[in-house]
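For clarity, chains are labelled A, B, C, D, E, F, G and H in written order, and residue numbers in each chain start from 1.
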Amino acid sequence: MHNERIIIAGFGGQGILTMGQLLAQAALDEGRQVTWLPSYGPAMRGGTANCNVIVDDAPIASPVVHGDATSVLIMNVPSMKFVADLVPGGFALINTSMVNTRVERTDVRAFYVPATELAVAAGDLKTTNLVMLGAFTEMTHCVGSASVLHALEAKLGGAKAHLMDANRRAFALGAEAIAAQEGAAHRPTEPSVPR
Amino acid sequence: MHNERIIIAGFGGQGILTMGQLLAQAALDEGRQVTWLPSYGPAMRGGTANCNVIVDDAPIASPVVHGDATSVLIMNVPSMKFVADLVPGGFALINTSMVNTRVERTDVRAFYVPATELAVAAGDLKTTNLVMLGAFTEMTHCVGSASVLHALEAKLGGAKAHLMDANRRAFALGAEAIAAQEGAAHRPTEPSVPR
Amino acid sequence: MAKGRVAFDRDLCKGCGLCVSVCPEHMLELDTATINRKGYHPAHVVEGREDDCIGCALCAVMCPDQVITVEKF
Amino acid sequence: MAKGRVAFDRDLCKGCGLCVSVCPEHMLELDTATINRKGYHPAHVVEGREDDCIGCALCAVMCPDQVITVEKF
Amino acid sequence: MAVVFQRTAGLTDAETHYCPGCTHGIVHRLVGEVLVELGVLDRAIAVIPVGCATLAYDYFNCDVQQAAHGRAPAVATGIRRVLPDRVVFAYQGDGDLASIGTAEIVHAAHRSENITVIFINNAIYGMTGGQMAPTTLVGQKTTTSPLGRDPRLAGEPIRIAEMLAQIPGASFVERVACDSPPHVKAAKRVIRRAFETQLAGEGFALVEVLSTCPTNWGLEPVDALAWVRDHMIPYYPLGNLRDPKKDAAARGGVRPEE
Amino acid sequence: MAVVFQRTAGLTDAETHYCPGCTHGIVHRLVGEVLVELGVLDRAIAVIPVGCATLAYDYFNCDVQQAAHGRAPAVATGIRRVLPDRVVFAYQGDGDLASIGTAEIVHAAHRSENITVIFINNAIYGMTGGQMAPTTLVGQKTTTSPLGRDPRLAGEPIRIAEMLAQIPGASFVERVACDSPPHVKAAKRVIRRAFETQLAGEGFALVEVLSTCPTNWGLEPVDALAWVRDHMIPYYPLGNLRDPKKDAAARGGVRPEE
Amino acid sequence: MARVLMKGNEAVGAAAIAAGCRHYFGYPITPQSELLEYMSVHLPKVGGVFLQSESEVAAINMCYGAAGAGARVMTGSSSPGIALMQEGISYLAGAELPSVIVNIVRGGPGLGGIQPAQSDYHQSTRGGGDGDYKLLVYAPSTVQEMAELVALAFDKADEYRNPVMIVGDGMLGQIMEPVEIVERPPDPALPPKTWATTGTRDHPGSRSIINSLFLKPEVLEHHILDLFAKYERMREREVLVEEYRVEDADLVVVAYGTTARIVKSAIAALAAEGVRVGLIRPITLFPFPAESLRRLPDRVANLLVVEMSMGQMIDDVRIANEGRRTVHFLGRTGGMIPLPQVIADTVRHILAEHHAGDVPHVSVGDEKGGR
Amino acid sequence: MARVLMKGNEAVGAAAIAAGCRHYFGYPITPQSELLEYMSVHLPKVGGVFLQSESEVAAINMCYGAAGAGARVMTGSSSPGIALMQEGISYLAGAELPSVIVNIVRGGPGLGGIQPAQSDYHQSTRGGGDGDYKLLVYAPSTVQEMAELVALAFDKADEYRNPVMIVGDGMLGQIMEPVEIVERPPDPALPPKTWATTGTRDHPGSRSIINSLFLKPEVLEHHILDLFAKYERMREREVLVEEYRVEDADLVVVAYGTTARIVKSAIAALAAEGVRVGLIRPITLFPFPAESLRRLPDRVANLLVVEMSMGQMIDDVRIANEGRRTVHFLGRTGGMIPLPQVIADTVRHILAEHHAGDVPHVSVGDEKGGR
């Protein structure tokens, strides 16, 4: 079981906040402690968005992830700044469809997934965030895949149930993309940061 | 030269506040220190009105006269309560046209003047307050008659100058009414109250 | 014979004179000889005019202080 | 001969498509092949239609972001 | 022999603090009479303003809430939304309603809150000693327009009834006056109609009453009535501006209750 | 060959934060163009609201004051009374002007403040994420009218231009729209006219602009234009409601400048 | 009800409904609008009334009307909106009307920003309105606690006939955490609201009057003395405070709301180094838990106040402290959040350099180390 | 100009005009309306603008516009009206706009009463608006001093680009005393208002912007730190205080405004008995003259705070005192005025019974002895 301190970041409209909520819901369903803290701003489109998710076994004190992230999920170029927040040994997951630079730090582990392209392959550009979630889950085993998909199903509800298939495919494609890479899910259970 | 702590009280509309202002202006013109503190309330007619005037040679600290009055001028029945505020030896001046009761305290000096009737005699019911002021000035010599009349003249100004005559007559009638009584203006110069 | 009758609760009267001004019979006036509890000259019927009242209640309609009761025969 | 010419400051474009919708010559489209600095598919002239512009400036009138300059010959 | 006029049970026995001849007293009585005649006094809740009528909690013989200056329509809205079956009315002056409380009255009308508003237009701030109101007439002297209201500095007086009548939710709007017995009698009918609008669930109703302030106008009470007639009524025409009855008729009688 | 359309100097070079297709941008441009064309940009002072246009101090190429929510007309009044010879305008949204700022706009009109007000009616609260505005149409879904605006609870939408036109001091009042090039061009003429009213010292001028909020309406920008045409314009008719020219004509041309 | 993931703002709404609140009046403002939106969806479902008012001024006065009519009523806003309500809040206090007011605080002054802050402490605890009055002020630090305090707030509002304020910063409004919302109908021990203007006379001639005007000063003073007797009862009975690891602490931090959570993270980090730090977390801001400060062990020579403001609660700490211990301050403001690392550094620094009586360490809005 | 008899409210107006104020925006309210009325008569005579606004909310925002346009501008009100201005005042502070705000305080809470009070102390000194900010607050105690402080206020407002508040109670507004109004044009040393939106560009493209919005928290924090650096300068330079007979005092009273005058009458009476009592009279409420309290002679074991409130300034006394001396309190509220006799009695009682460290003597709103 992993205790994770996660930053998810990208453009507004990419489903950044939803990703965090799905993760949080999945963790809650698994009986973990969890906090989800969004960035927020005026309603205007086009800004950046990010959220902090903490999954833990003990009650969570500070809900802020800053300088002590165990994972960062990055969906656009400006968000590469969050790599600096990783603890040594932390994981960076980069959507290479949107980001063409590489992680420079050598004390963290970077994973590169062409999430947008995989989403198109899954049948819907809008499932990019599910690709990322699939990859993240495979990468960290922070929560179970089933829990994430269950959370998504609950969220979509009846009216949007037809979208479930593409999302499921996207999630799987993300997971596969990581499984194919080495080093995932091998992080020590307890991250090396105070909580 | 008298140092006086005065309460003037009656119905709204009887010129109570103006009486105090004239006294204060007269004192100022004579180079004294002075404060004038009105009661105030909503604009509606018919309430009671009163004001505190302090005339002194030293700068005046508290502008409130309460329980330490040297003179009270009373223009209606409810205002008889202010007699209680007199220091022993203080002066009460009562407009008997409006008040048919007598001062009960024996340690103060009471003067009774039919001010309204004298005002009518002076030619204008509205000069009642000048009758009272004439009486008060004669009673205490707190300020000079000329100063009061001068203050009134300044206040009336050009447009109302024609009212001056009746007011002057009223003032004189008030003064005469007191002069006819014994005991006025014989109070020790320094009232026996802390200021 | 009088067609109506007015009664004044005179201690409530503020002497505003509105009733006086609207009485079609011109039978009301302010009683300058009296000062009521509130300190006003209250309205009353001009002496000897009691029987002129037609009970129209116009005086009462205009009275801001509910001083007047009107009967009609 | 072209009667007019449009120029797009494409990095300012937010890809809203208002210009596209009002061009009477139907000669504009969003360039889905490009993503500009702001992250949008900017508007441009459909390839080969440059000379159809009549310089009416309707596109520019509707552009909320002052992306378009129009010349008329 | 019959008593044709006597004190209304709609008001308490308290003597009012209003100045002699102030028509606030007349309007209070009309409201009290209407509440009694409609049989709703026992379920009425008054919302009273900041202004000379701020002490009216002692006068209206029903439950009363004293509201902050200008906010009576918001307070009445709060009550109305909690107690949909009571009779809720606000009583406001022209400083209160037409100046500081403009937003609240406009939006109570806008939502068509099912309340009745009695609006006392006396062209002045009474309680605070005669300052200019938005309804003060051009040239009228007040303590803050010492040379008379100058329209170049302060604008021309606002006609609240006309303005509110433009709002779709303002179901009933009418202007009346207190300057003469016929007008007072008419005012009562209109006030009754405004309460009936509420009882029928037809939404927001407002009666603007042209009133006097002898004290701050510096006029004798009788002269103040004449001033209403000679100066206010010409600028503030009496009459109905909105009525669900009329509106229904205009729309072909679609309103359920007609 | 001539440039028939280019960036206006009336706006700065800053890129706006407005969403794609939001017509705030169009109206900004029209105001900027008019200021330039009238030659008054250098003596103009803008008062900007709280709402999506709250950052417009970066856009209007003149002096700017950012006002508290709804208070732009009061702020503009303050400026106007200090600087009688400058060009002062307020730019406000419908939450700002028609809801929280109702009293301030009514009284700026009432005083006939010599200012120009650009009123962006997009039938919603943009900046805060799409809550209902007083101008939201019946049935329109917003985050605070999730089942669509219910007139029984929230009233029918308010027509600000019509309401303000009832106020004597409201010299110029007109409603325009941004849904099509002809309407945009007309809007510019009207905005110009509103500034000319100010320049002629004729008092309060307001232009209500029917605008879009694609983001919170949940529509593509082009569809949002259609929604203005199909739903807003029918309820909010375009046209002039008050104009000193017309009024002068009606009065026989007594206004000095015509 | 099971634990569900909810935004703090939503949890406030859910808890209010579970506590029998059926009337909400409010106006949109970031970062509080989700409460408004939640109420617009959920109140109608339980037969309640949601009304978006034309302004915050109207909202608080609608609350006044509704509370006066006997309802459990709530409004909410964020800092500038709460500033606009000050006259209305003063009226609620003056007329003794129970009502719950939620302030999801953002940075000021003026329009300021929309990120979390705690810079309305003075306004909440000392009254930005006119006159002598107090609100009962709760400052939750988790979403669960916020839900529970909201429920409590309704009962306390009714018990004391006083407005109660819930102060959360923007973080607490926006954060999602698991929360269990418990149905909590009004405490049956509460007396009936016979004072309310319900338009139903108990007996003919009996009327209810809601009022805050007392033209006679002696009557007004009497009224205020009654109010203050009530506030004194609150001081005796209603103080809520979390004392965390204070027994063996070398230094005690005073912080509330989400700031206190961040402090706890710092305390954990320091504990790992063997540095013993305690926390006093006021849960009621008024009444302030002065006793907790007074009875701290003698070994505590230093207090560190941490706030998301330029130092407001520190006034109450100083008043309670009466010069006994050195009071240090660490503040971030304008939406900046003090980070655990910075708090820990400050503590280390104080323990290394300061002893009682020294000049306090003030570190406000350091350029680095905030978020 | 010779000494003339003027109401406090009128003197405020006259002094403002003499100080170059040419714009007044306000709304009527007792006991402040004479200021409004004075301005309506006299401003037009000097080419100034008097405008009666539709509300206090509008008034304070008109001030904002006028101040932003570079004018010397004033508004005034009394307690409930000032409560309504809180958002606007916070905006003025946030946008750093010089302006003078007069509060002629009456009793609250709510509509309260119209008689004199000092129960808006917290609101004035700690901000009833949102966010971290301060006003410079003057509390005159005579009409002459009020006139002088009004003049000073305009200069200080300009110097610090900050709103300045004049706090007088209803008594000070209504009282008439001789006063000399001195022409006092703006201090020529003041820098030109280049930041003002005057609609005149210094050079092409230069624009002035008046704003309090900073969406980025780091920018907002920076802005607030700048504001507080300014407030710190005020703390260093702007404290005004009257220390009266403190050198040989057995007990020191702390009181401001007209209350301080009444205290002086009590001191005179006590002196006659040989009881030596001093007075610290804060003239600036912010910055509070904490130093005067700190450097009192050691023999002073007791402080007595006298206020026309339930105890508000006492917070600042306690903070400055840091437990050194016993702080007693005597308060009247709701329009009641503490009388010299009662103050003297309280002093006698304290000196007879109390020594440093004892439980403080609190006497609030005693039934007798107020007016």
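Everything that follows uses one rule, which is that a residue touches a chain if its C-beta (ideal position, glycine included) is under 8 Å from a C-beta of that chain, and two chains touch if they have at least 3 such contacts.
Just so it is clear, the structure is predicted and the values come from calculations on it, not from any experiment.
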Determine the shortest chain-contact distance, in steps, between chain B and chain D. 3
Could you tell me which chains make contact with chain D and chain E both? F
In whole angstrom, what separates the CA-based centres of chain C and chain D? 85
Whole-Å separation of chain centres (CA-atom averages), chain G against chain H: 28
Measure off the straight-line distance from the CA centroid of chain A to the CA centroid of chain F, and report it in whole Å. 43
How big is the gap, in whole Å, between where the Cα atoms of chain B centre and where those of chain G centre? 55
Contacts with two or more other chains occur in chain F at residues 18-20, 22, 54, 66, 68, 99-100, 102-103, 106-107, 110-111, 127-129, 134, 153-154
For chain D, jot down the residues that touch at least 2 other chains. 14, 38
Which chain H residues touch at least two other chains? 30, 51, 54-55, 57, 80, 87, 91, 95, 110-111, 114, 211-213, 215
Taking the top-of-page definition of touch, could you list the pairs of chains it picks out? A-D, A-F, A-G, B-C, B-E, B-H, C-E, D-F, E-F, E-G, E-H, F-G, F-H, G-H
Show me the residue ranges of chain G that touch chain E in the complex, using the header's touch definition. 23, 25, 49, 51, 53-55, 57-59, 61-71, 73, 87-88, 91, 95, 197-201, 204-205, 207-213, 215
Under the definition above, what is the set of chain B residues touching chain H in their complex? 21, 24-25, 28, 33-38, 40-42, 60-64, 66-67, 194-195
Within their complex, state which residues of chain G touch chain F. 27-30, 33, 36-37, 40-41, 50-52, 54-56, 80, 110-111
Residue ranges of chain A touching chain F (in the complex, touch as defined): 42-47
Please output the residues of chain D touching chain F within their complex, sorted ascending. 4, 12, 14-18, 20-22, 38, 40, 55, 57-58, 60-66, 68-73
